[in-house]
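First subunit A sits with subunit B, and in the next complex the same chain sits with subunit C.
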Partner chain A sequence: MMTWVRARRAVIGLVGCVTLYVLAAEVGHGRLPERIWLGAHYVENVKLLPTWRALVEEGAFLIESNILVDSIAVSTRRVVLGLLLGSVAGILLGLLTGSASRLEALAEPWVTFFRFTPALALLPLYVVWFGYGESSKVLLIATNVAVITFLGAHQGVRGVPRVYLDAAASLGADGQLRFRKVILPAAFPSIFSSVRVAAGLAWVTIVVAELINAQMPSLGYLLALAGAYPRVPTMLIGLATVGALVLIFDLLALLLHAWATRWMERAA
Partner chain B sequence: MAARLLSRPDILPPAEELAEAFSALLGRGVQLGPGGEHAHHHHHPSSAQMETLLQEGVTLQGALAVTTGRVLFGLGAGIPLGILIGILMGASRRADDYLHPIYILARSVPPLAFITYIMLWLGHSEAHRLIPIVYAVAVTMVIPTYHGARDVAGKYVEAARALGARGRLLLLKVVLPAAGPAMVGGLRYSVAIGWMTAVGAEMLMAENGMGNLLVGGGMWSSRLQTRSDPAVIIVGIMSLAAAGWAMDTGVKVAGARLTRWAR
Partner chain C sequence: MTAGTPPPVLEAMDVSYGYSGPTPTQALDGLSLEIKDSEFVALLGPVGCGKTTLLRIFAGFLRPAKGWVRCGGASIDGPGWQRGYVLQEEAIFPWMTVRENVEFGLLAKSVAPVQRREASDALIELIGLTAFAEAYPKELSTGMSKMVEVVRVLATDPSILLLDEPFGALDAQTRQRMQDALAALWQMRRKTVLFVTHDAEEALYLADRVLVLSPRPGRVKATFTVDLPRPRSFETRFSPELLALKRQIWEAAGLQR
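Up next, the complex of A and B:
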């Protein structure tokens, strides 16, 4: 019963937002300025709030011409590669330093450094190091993902209650078994919530990296092009696409988290 | 292969080159001497990026001050906004039901992606660099406040209500302190997000600040086209890391004081 009310309210909220936009676009049609001063020059014929017809037309064009699909494929590939590479490296390293305190002292200054380096600041350096191609972008994501998942894995291992380990040891479990059956499952919640955070950040990083260094067909490139013309319907569809992808990745990360921690009791 | 890469100064500049870039960016070596002539005749910019920056009069401390200012503005406006939305959603079931789905959609759009759209609305000004930072900070502050207000404060709120507390008293003496520890954690994360967004916005659209220093000036359509100098970039990154660390330590210490009651 309660969920029905909640679902209805959610739909009302979302439909309300859409209606508000459509109304604003209809009212603004012909009233909003179409000639816009951009600091250096005027741009003509800008529709600040495109009507839903313009959005549908533009969306159909972007889909039929395969531009949108190609862009999504390129950006998604970068994010997936970066996420895989970064989380494997980060989680392995975090498990290692979490279990061996001597390694922790060795890794600590580097971790502090990367933790406070704004993710995007590494982009120009990576362009110098790895060129304009795929590798600089994939590695940029991988670095940022690695830092976050490292912290997640490290804290996850450190947070395992001493009692669990002692109990397992007194029952005769050797180091390897303790790691596999006690430490790893107990660290999973922390690890997989860091993967979820990292997935969100990976999309932010890649879209902006593609915007700054706009060269290949990709979502950031599409946004950069739309901004250069400027072509507002393309811009809004690009934004919505990025938002949808972020949402999908967040859901996937959530499912992964639920699957990895299915042994735990659920509060609600 | 690794050894070959490490020995190339255009990949990993040696320490003295970093020190040189550091002091040049601090403005040393290009000041005019007492007779109006250059104090260091031998000084010459070591790279195209350094030359552009020095010509534009960019200094490290100046750029860092500009970026810090933008981050502080973003925090100053974004934190109260995020806390407001978080408390609204955490305290009222009804508001949560209506707002949460909208919030999740809004949160999914990277703030830097709509920077050009904001520019169309507001023109080429400071506003479109600041709005993404405010947005990013606010969106990150919502969730910890929401959980703090809903999950932690819920019990205390019931007790306080039963004792007759309401309105401002309830908010200031019960909800905010109870949600405090969760909010401090969110605060530290939003400081990091604020720095990242500020640097990204400056890389894209600003004529000053650290992001601009890193990409070596120029307009955003031509950015990263000039040959970059790894020494300048590394010095910039290290300064950003130091500044981010300093701000995080400040928040951590202040937060520990503010939430002293919780331990």
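Up next, the complex of A and C:
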């Protein structure tokens, strides 16, 4: 029930924003200048607020020419690979350091280091190490994702209430059973909310990484290209596409989180 | 120890325990007690008198700083299913269904799924929660959860039960029903029980013997044998015998003024 109310509100919010934009563009597009000063020269024939007709036209072109679909496929593949790789590495490491306090001291400075280092600062290094191809982009996402999910898993294990561990021990559970049936499920909420954060972050990382070394086809390239012309309709469609993908990934992560915590009191 | 008399099931001799930290606390000081086989003993004392500390020592989570504890003549090193321990806090696993909770101890003993299921069916029926067998604890009331914790401990059939204020958080009515349920369980499956409580009536209603602890640092201040007939009933709660004992207990605790 709750989810339906929330879904309806989300749809109303989206539709409201789109309607506002369409109205603003209808009123504004004729009044705004079409000649703008960009860097060293004037650019002619710019539509600062394209109407919905211009956007539909541009969208149809991008879809028919396969540019948009290919870009989505390439960028999504990178994000999925990076998410999987980073989550597996981060969660395994977090479970390990969460259970062994000696490892925690070893890992802690590195986690802080990576956590507050912008992903893009690592990009030049990754390009030199792993080349211009897929691996540097995927590994950049994986690094970002791993830091977040590491913290989620580590804190999840650390936060398991003592009473559960004591109860399990006095019921005769050995370390292995305790980990599998008590520590792991008790850490699930923390782990899966970190995965949700990481899923959003993965898109931030990939689009920016694709902007730096723009290659066809990718959403980052599409945006870089649109900026070079400049073509506002293409930019808006690129942005909307990234936004929609982020929403879809967030929804998937939310479903995963809801499944992993179905036993919890009804919360967020 | 003479031949022929078995050693006490639970035994504490001159046990002391203190907590270090910013406010060092001496929880137990020279406490001794003996509990015989199949005896139901209630440990009664004010908040902070070391009742829980003593129970955690018997459960194997703490080691006495001085003195010793034994279980069936052997020393206690570490927790184990032989001493079924129900914690004071709510410790039902919220990510497991009622059935999975009840079967956990059997899983730890590598009992086959079929036998696990038989055992959990019987125990869940015993506490009248058959309809909730596949439900998560979030659907249970506090009293129901506590009974699940009690039968979860019973599933592995330990000879000893250590119960730490299991009904402390319940309202008076539910508490009475839970006491009756526990008494009925104990009639059916005789165990040695050490039951911690701060409620004198509860102690007298359930136990064969009531040990009154002194305020911190805890030691046994007085012992009362409860000779009320079993099974005890609603009438028992208001019988002159019980009320007389209750008065003596409060006097022993120094509350007569």
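Here is the rule we go by: the second predicted complex is superposed on the first by the 250 of 268 C-alpha atoms of A that agree within 3 Å, B and C clash if a C-alpha of one lies under 4 Å from a C-alpha of the other, contacts with A are read in each partner's own complex, and residues count from 1 in each chain.
Everything that follows uses one rule, which is that a residue touches a chain if its C-beta (ideal position, glycine included) is under 8 Å from a C-beta of that chain, and two chains touch if they have at least 3 such contacts.
All values derive from a computational prediction rather than experimental measurement.
Trainee: Does subunit B (first) or subunit C (second) touch A:Leu120, or do both, or does neither?
Mentor: A:Leu120 contacts subunit B only, not subunit C.
Trainee: Would you sort A:Ala168 into first (subunit B), second (subunit C), both or neither based on which partner it touches?
Mentor: In the superposition, A:Ala168 touches subunit C alone.
Trainee: Answer with first, second, both or neither: which of subunit B and subunit C does A:Ala244 touch in the superposed model?
Mentor: In the superposed model, A:Ala244 contacts subunit B only, not subunit C.
Trainee: Where does A:Ala186 make contact in the superposed view: on subunit B (first), on subunit C (second), on both, or on neither?
Mentor: Only subunit C is touched by A:Ala186; subunit B is not.
Trainee: With the two structures laid over each other on chain A, which partner does A:Leu177 touch: subunit B (first), subunit C (second), both, or neither?
Mentor: Touch status of A:Leu177: second partner only.
Trainee: Counting residues of subunit A touched by each partner, does subunit B or subunit C come out ahead?
Mentor: On the superposition, B touches more of the residues of subunit A.
Trainee: In the superposed arrangement, which partner chain does A:Ile36 touch: subunit B (first), subunit C (second), both, or neither?
Mentor: Only subunit B is touched by A:Ile36; subunit C is not.
Trainee: Could you look at A:Val208 and tell me whether it touches subunit B, subunit C, both or neither (first, second, both, neither)?
Mentor: In the superposed model, A:Val208 contacts subunit B only, not subunit C.
Trainee: Which parts of subunit A are in contact with subunit B and also with subunit C?
Mentor: Overlap of subunit B and subunit C footprints on subunit A: empty.
Trainee: Please name which positions on subunit A make contact with subunit C in the complex.
Mentor: Residues of subunit A touching subunit C: 163-164, 166-174, 177, 181-182, 185-186, 188, 262-266.
Trainee: Note which residues of subunit A are touching subunit B in the complex, please.
Mentor: Going by the criterion above, the answer is residues 5-6, 9-10, 12-14, 17, 36-40, 46, 48, 112-125, 127-129, 132, 203-204, 207-208, 211-213, 220, 223-224, 226-228, 230, 232, 235-236, 238-240, 242-244, 246-247, 250.
Trainee: Which bits of subunit C are touching subunit A when the two form their complex?
Mentor: It is residues 59-61, 78-81, 83-85, 87, 89-91, 93-96, 104-105, 107-109, 136-138, 149, 152-153, 156 of subunit C that touch subunit A.
Trainee: Applying the document's contact rule, which stretches of subunit B touch subunit A when the two form their complex?
Mentor: Subunit B reaches subunit A through residues 10-11, 94, 97-102, 104-105, 108-114, 116-117, 119-121, 123-124, 192, 195-196, 198-200, 203-204, 210-211, 214-216, 220-221, 223-224, 228, 230, 233-234, 236-238, 240-242, 244-245, 248.
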